[in-house]
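Next come the structures, one after another.
Both of the next two complexes hold chain A, though its partner changes from chain B to chain C.
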Partner chain A sequence: MFNYNFRWAQAMASLPRMLEGALVTLEVALLSMVIGISIAIVLTLFRLSGSRILSAVAATWVEIARNTPALFQIYMVHFGLGGFGIHLSPYLSLLIGIAFNNAGYLSENFRGALKGIPETQTRSARSLGMTPIAAFRYVVMPQMLRISFLPMTNQMVWAILMTSLGTVVAMNTDLYGVTSDLNARTFRTFELFAIAAMIFYLITKTVTLSARLLAARLFRY
Partner chain B sequence: MFDTALTTNDLIFLARGAGVTLIVTAIAVFFGTVMGIVFGVFRYQVGPWWAAPLTFVLDIFRSIPLLIQLVLANAFVTTVLGWRVSGFTVACGVLSLYTAAYCAEIVRGGIEAVPPTLRRAARSLGLSWGQDMTSIVMPLAVRIALPSWIGLALGVMKDSALVYVVQVVELLKSAQILITRLQEPLFLLIVCGSFYFLISFPIARFGGYLERKWSRD
Partner chain C sequence: MIEIENVRKSFGALEVLKGIDLTVAKGEVLTVIGGSGSGKSTLLTCINGLEPIDSGRILVDGIEVHARSTNLNQLRRKIGIVFQQYNAFPHLTVLENVMLAQRKVLGRPKAEAEAEAVRQLNHVGLGDKLTVYPSRLSGGQQQRMAIARALAMSPDYMLFDEVTSALDPQLVGEVLDTLRLLASEGMTMICVTHEMKFAREVSDRVAFFHQGVMAEIAPPAQLFEAPESPDLRKFLAATH
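Right, the complex of A and B next:
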């Protein structure tokens, strides 16, 4: 049917290396989520703080993260910071770039979630003698994280997909990097990238499914 | 930082890259939206079981990095099928399908948000399916879907930065080429980032405004 010799066996022989790459991809995505969520919580606190400067910092972060391409952000971390004499490894640049992006989007999700939590709860917590931080930590934050659990899962999928952008900073240990390295050596572009696509699909599906199961278990009541 | 070796020709080169970004985005958003509406209405109309194959295919576009979609499509069209197709065409095709996959979801959400009783009332007043769709569902669904659609269009513009992988020189790639030559990464990246920001930010704000305005009444 096609005037093209598929060599799946040859490409499949590289599967172990690609799976190793997939682990790196997952690692970067997970770390970027952990960092992203932590920063997003801090940015949310900045917005709640009432301080103009802190709110402006948070707003600037969110708007830049949401209104420029993720590719640009990773580029900026790697080559932009390079202009200041800060040279990061591809791995770190990718991780910081994705974490920056995650933090921006998640902070916006958290802000949306906060709208669903009545202000009166904070006030009752405060009148029970809790400090503002304790009220946020024990009353508001758990609900906020629960409401934004689904958006967080989506962001995790985004983070996994974004790891492929590491190629612009010469990252070659993640799934995309490994695949394009193999491609440069064997030129079995279609077969190799089809396998990579399959692995990506399986990873994202596993993540969404397990998140759904986790949500059903965590939020039963 | 402002002492730059950038010449007028380089600026024209950058502007051309920006033009390519906008053209690719416009084409992808146009065709993606048309396909997305068709897919979305189809998915709603036939129910989850019959639409399962379509849902599966559209889901693939949302579960695989766009970069890989572009590389795969390019390899498939040029080496497997052996067609002589430009990278620009491949880029537009892949981005359109990518947009359609997300748009179908938005359209379906919009239609589902229209109260079924309202539609039944319309049908019982003698409106045909087409009339119900165009004069009852559409005005209401558009209100719900438009803010997300604006977000999608902006997302596509940002994602269009990836088409460099099929040899399309868009804004970020042209900046990269200039960086390699001029060695002024910070300045060029800021110029390039500002371009994206200046287009995306006002439109995103407008989308947020519409969302707030329409959720009030």
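Right, the complex of A and C next:
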């Protein structure tokens, strides 16, 4: 029956290693967001470009990113590209996989945000002599990013949690990977994963709270 | 000088400009009156190339606006336009609104752009609102900011597209005062407006548009006191 003995002290001894893993997790998530947001902006421009080919590229990206499991996406980056002779490290595969997913979701958020910005804003910017790119860069984009700020925060939380999917490409330096390795050696399963879950929780809470503070600082209008 | 030669323009099956001929000289103040859908606003957006035209041509200082070889971004620096919807950039302060295009289009250094912005904002009576965001301004103040924003580009021509139509009645006066000030300073202006009293006061000439045709054009005294076309007489009777 229930004869599991909790050994928290033993599990806690692994905390420093797990915190190192947490840093890797945070790093991958942050980088994946930076890359994801940049690509999402490019995809949004593709959709606005009026070119059918570019729009189709953006639409396909969004469809795949949003309608297939993130786990498959990461798996494909590692083993799918591997089939073409492109061998990426687990770290890079995980990063690219999550960034791919982020870009898809964020681009869709940006599209929604653009609907809330009147066409007359662009018209006004153009009438002041701005090029279409300048009008987007200085007038439309800042408003788009503001409207999308909350969805971007959500996506960041997702990105942090998605790092655990690195396990399918044998990633073992992130929080999940480290915990999993420790577990394989000590079998303190409940304790280790409870601690890991707590760390995940603390990271995501910190991220959402700092995002709220940042928003108050950034958006004074 | 703005020269408009036999300009035609349709939106789908609807022909909104049916061969307009018009010349506006440097320093002239022309107001354009007429009912909704008479084509007067469309003409303004054609002059700065925001709208393409179907035939005819528009020359601004001898440069053909709709020629393929014309650099519209360059041409638009000469022509300021202010719309009915003031289109303040909400994420920028009043000062930043007026600085943005100076910096990014004209490439003016920051200090110079700022000095010019402050000068123009003082000019329109917003010198005490520099660090405020547009959401804190009234409609009239936002519209005056939009005017300052256009003026800061040092344009040779200013086009005003029903700039008081979206304003509460008590705010109309402050914007019209700004336009009067510009007119008195010798700015070349085309104002599409529904404010007859204003048109009568400031204009060198008034043009009456009716169903895509410029039905009548004359100095205000003549146009308002002795309207020739029956459509204009009807229009004036209805607006009084």
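Following the convention adopted for this analysis, the second predicted complex is superposed on the first by the 219 of 221 C-alpha atoms of A that agree within 3 Å, B and C clash if a C-alpha of one lies under 4 Å from a C-alpha of the other, contacts with A are read in each partner's own complex, and residues count from 1 in each chain.
The definition used in the following text is that a contact is a pair of C-beta atoms (placed from the backbone, for glycine too) under 8 Å apart; a residue touches a chain by one contact, two chains touch by 3 or more.
Nothing here was measured: the structure is a model prediction, and the numbers come from that model.
In the superposition on chain A, A:Ala197 contacts chain B only, with no contact to chain C. Touched residues of chain A, counted separately for chain B and chain C, are more numerous for B.
Look at A:Pro142: by the touch rule set out above, it reaches chain C but stays clear of chain B. Of the two partner chains placed by the overlay, neither chain B nor chain C lies in contact with A:Leu106. Look at A:Thr131: by the touch rule set out above, it reaches chain C but stays clear of chain B. Across the complex, chain A is touched by residues 48, 50, 73-74, 76-77, 80-81, 83, 85, 87, 89-92, 100-101, 104-106, 133-135, 146, 149-150, 153 of chain C. Per the touch definition, chain A reaches chain B in the complex via residues 2-4, 63-64, 66-72, 75-76, 79-80, 82-84, 157, 161-165, 167, 176, 189-190, 193-194, 196-197, 200-201, 204-205. Put simply, chain A touches chain C in their complex at residues 118, 120-121, 123-131, 134, 138-139, 142-143, 146, 219-221. Residue ranges on chain B touching chain A, taken from their complex, read 60, 63-69, 71-72, 75-76, 79-82, 154, 158-159, 161-162, 172, 176, 179, 184-186, 189-190, 192-193, 196-197, 200-201, 204.
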